[in-house]
Structures are given as structure tokens and as C-alpha cells.
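Since the structure comes first, as C-alpha cells, the remarks are kept for the end.
Letters A, B and C mark the chains as written, and numbering starts fresh at 1 in each.
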């Protein structure tokens, strides 16, 4: 059983955060809310998402799993304005979601989840913690796209830095500790990442207050941010590229 | 002789309503206004349009027929803002329209109408009358495009319904009599239509107050709406698709 | 040495005015400001641009020349909002410009100027002077694109006229002397120009108060307008097409 009512925006956030990595995903539904773990087909990045019951206008559910086609759900959500309420129920007989937006009823078939396993999220002990405004990261990434296809994230006790180096041109976003909500590290850290993956993750964080990064040297980055006004949370893990 | 002055918006409405079905059309001009009947090349749909003298700031005309290339006229109208006055005269010597927009004079050649016959509009006795907001139909159509290429229009004495059924997914827009400006029928009616044609007709009705539909069972739909602030009127007829 | 601080809008104006004719350009920098002369690869049109020190928030420079890739500079300027300050310095060791926008540092390699010669700007004694609003020219050009690939500029003592003639359709923008800021000519002049070149030049003048044209009969047009709130100036020369 599932019956939820929620602002379209909240569902859009959930789908945007997930669809950057996978085309289909298995959502775990329980009485407390919804959660998801997924790894991208190239096994470079991972997403962990939770959204609590409190993010919904109404939420009643039994424990169950449903598989969703990201593109199809995105198309359906485009029928709703940001503030429109979407009413969601599960039609067990036909294995479909029934989505009501205004006077419109959209019955959407679900994806088979039997082949979908939940990835194990590795425990990582990363020495550096930094919180950056999403808008700063966005500008750094947009500038970097013209010069390289990868980007270094660097931090020491006084600065956080995003660096992209091409053959002749470079981009450098350098933020002083004083301008950052948070910067904690005992050592200088530096890791290199695929710009494409990192860019998609930062786009999903658009509109969130701050993006929290956990960094090491030649280690994955853990990126975290809140969604749904603090009633949901997204964690990405992105593997580093090792400089040759 | 023709000399008319009219807001660009009115002409845009006329061209939009006509160009959904035909690339070229023959307009009948008289002292009372302008009218047109046209059928699409596949003979699936028909449009009947009238626009009265009262829709114009100024209108003086003798009885005549002119053939217009829809795309060309659309391009010219893009040069004008919605509220700009377009001054239209007929240059008989060169068989052109002379269109003045501000300081700009655009002489536009006309299309030969000798091969264009006026279609006969069939008299249809359709048992159901319903008036729906254009915006509701638009949302229903947008949702339907993801699941099917045809759509059923259904009405009984209590509801009007738009239904699109795909292999696994469905769309259903169901409007109660209480929420509709008008719903009159003595029987349950249902007809199936090409989504593509129906969608274009509804787009042409965008901005009109209400779309009036006449329906039967496995019969054509007659769609009507006002344009030019009630000084013009559009009637479409769309043939049904018979369910196999 | 070069150290300048300037609103992004001013640099965008400079690049837009230049990039309509060339992909790369050599800028002359001196203590008084920046200037440029360039001719397009087909030798049909020429641009002369100056921007004075007063257009900058800060400007300190030694005499030097730098070669700039237009598309690359355009991309960098897209990272800044119109009112953002761009800080520009020259890194002589690496032959790069260092552009700072907010916390972002973009090091941009320069183009070799050794093969770029400054074109000689011909002295032309053109009998007609006319000043036209850029918006009027724009509308005339947009209308003309549907009927021809060239456009005639015509003036006599009472009117300025833009005329495009196709096989069946024509466009005519006719402006009375009374509606023009300036119109001076002792004779009727008429020259024909490539619509493509003329259109790009007028687009670069978008937002300038008035476009000053110097015309003759079957002679080049000289088009001039101010940029950067009067602290910069652009002059184009465009060769005529001779009617066959």
C-alpha cells in the first residue's frame, strides 16, 4: 500500500538527483519515507538518497520496493507546476503508479526490480570537510568545461580550490576559508575528477543552500546536500581519476 | 478593393487557426468581413473561419477572393508586436497584398486560387454538447502524447473524459459536470481521434475562453471557439478513427 | 604591462562588434585605451574600434599588442553577469591574459599576432549623412531576409530608405526627414549591400542610441556608433554590391 500527496517540486528534486547517474532505479518505500541507493553503469559514481515522510503533505505506506523509469517520470512531472500537488498511489494488480495532477490521472507502469541489487556504500575516512555555495561550484564548472575534461579539487587549512588545466588555458576557483561556511582539514588534499560526472552532481544540488564536500588525496569525493527543505538528503560518491 | 487596419494579434489568430490544416488557403472577402473554408490534404479535418468587420479598426472591401501562403504571412506578422496595427491593402495590378507595419511596407505576392475549391461542410446531428477550458484540454493532450497517438473523447450525462491508452500506461482527464461550463447529452458517447490533429486544433484555441465540442459515438467531433474578442469564430471538424 | 578593471558589458560590446567580421583580432593597447582595425577574410568589410581609458573602472597599460580568439573570449565573458567587474592583467611570461571574475581566475592563451597586419582604412568622401535608430534598421533587415539576400540603402534630401526586392515580394522601410535625428545630402544616393554583412553590423549596434550612416551611389557605406556609454566608438566600412 502506498498513498502520498506531495508538491511536484519535491518529486522533481528526487528524480533529478537520481537520473544524473541511472536510467532506472529501485526505490525502497516504508512507513517513514523513501530511500534509494544506486551506482552508475560505469561504476564510477554512487548516489544515496532519503526523503522523509515529513517532506510530504500526506504519506501512508507499507514496506515495498518499486522500480521507476527516470525519463518517463520526468515527463509526467513536467505536466505539473512546481507547487502543484501530485497524488501518488500504487496499483498492485497492474503493477503501476497512479499519479493524479489536478483532474488528470496518469497510470504509469513500473520497472521490474528483480535484477536490481543495492550497491554497498563504502565507508571512507576522508580527512577534509568543506561546505561551498552551489552557485560558486557551478560557475567554476562552467568555466572549466572550456579548458579540460577533468577538474582537481584541492583544499588546505586556508583555502578550497577547484582547478582545471588545459594545454594552454587554466581555470582556478579559489575560495578563502573566511568566505566558506566550513573548512576543516589537517593536511593539504588533492584529487582529480571527471568534469562530466562532477558537473551533473553539482547541477542536481542547484537550489540547495550549501554543498558539503568530503575530500582526501587521490580518494573519492563525498558530496552531500539537503533537498525538500531539509526533509530529504542526497549523498554522492565519485571515484577519483588518478593522474598519469 | 480592400483596405483594412487591424491589430497584429487578430491576424495571428486567423493564420494560426488555418495553418494547422493547410499550407495555402483561399480567403473570401466581402463588405462584412472575411471567411474561409478549407480541408487538410489527407481529408481528415476541416476548418471554417469567419471574422467580422467589427474585429478591425477599419475595414472597407469589395467582394473578392485572395490566396495566402500561411508560412509567408506568419513570417510577416512576426515583424509586428501583438498590439501593433497592421495596415492591409490589395494591389490588384501586381496581385499582391501591401502590408504596412510602422514605417515598414511589405509587398507580399498572393497564391493562385483557381485550383482551390471550397469544401462542402457536412451537416452533422451530434447528440452531445460540452464546453471545456482550453487549458484543461492542453494538459490532457500533453500527457497523452507520452502514451499513445490517438485519444478518445467520451461523455455521459455526468462527465466529460479524455482517454489515451498505451500498452502499459494510460492518461485519463475526467471532468465532472459541476466543473464544466456546459454538458448536455442524452446518451453516453465515445469517439477516437488522431492525437496529432486534435492537439493542433486545441493549440489554435489557446487563449480562447472555452472550447465547445459536439460529439457522437464513432462520429466526427465539431470543435468551436471564438477569436478576436468574440468578433470571429472558428469551427473545426475532425473525422474519427474507428477502433479495430 | 596591463591592468584593467571593467564591467563585463563593455568587453562584450567590444567582442560583439569585432567578431561579426573576424575570428581572431589584434588589439593595440596604450596608456589611453585600446584600439583595433580588422578586415574580414573576404575583404568585403572593415572594422575600426576604439575604447578609451574612461570606459574602464581602472586602466593602466604600457604600449603593446595582443591577439585574441573571439569565440574563446566570448565564452569567458558568459561567465560574468552584465554588471560584474572583470579584472584583466597580462601575464607576459606565459603570453596569456589573466581574467578574474569574482573568485574565478581564468588564464587565457593569446593568439600570435606576427602575421596580422593592420588594414589601411580608405579615406572616402561620401555625400550623404544620415542617423537612424538601430531598432528601425533591425526591423527593416528582419523583414528583408524573407525576400532577398541584398538590400539597397537610398537617401535623398527628404527621405532615407531601405529597400529589398525579390522576384515577387518587396520590403521597403521609408523614413521621413522629420522622423530622423539627422539627414544631410545634396543629391539622391543609392548603393546595394550584402544583407548578411549589413545585418551583422546592425546587430552589433543594438543598444546604441543611433546609427550614423555615410552613403554615396555605388559606394561603400560607413556605419558608426558609440559603445560603452560614449567612451568607445565603432566604425564599419562595407563594400557595395554592384547591380548587374
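As a convention for this text, a contact is a pair of C-beta atoms (placed from the backbone, for glycine too) under 8 Å apart; a residue touches a chain by one contact, two chains touch by 3 or more.
Just so it is clear, the structure is predicted and the values come from calculations on it, not from any experiment.
Chemist: Where the contacts of subunit B and subunit C overlap, which chains show up?
Modeler: Where subunit B and subunit C share a partner, that partner set is A.
Chemist: Can you tell me the C-alpha superposition angle of subunit A onto subunit C, nearest 5°?
Modeler: 120
Chemist: Go ahead and note the Å separation of the Cα centroids belonging to subunit A and subunit B.
Modeler: Comparing mean C-alpha positions, subunit B is 45 Å from subunit A.
Chemist: Which residues belonging to subunit A are in contact with no fewer than two other chains?
Modeler: If we look for residues of subunit A contacting two or more partner chains, we find none.
Chemist: Give every residue of subunit B touching subunit A within the complex, in rising order.
Modeler: Touch residues, subunit B against subunit A: 136, 139-140, 142-143, 146, 168-175, 179.
Chemist: What residues of subunit B sit close enough to touch subunit C in their complex?
Modeler: Where subunit B meets subunit C, its residues are 72, 75-76, 78-79, 96, 101-109.
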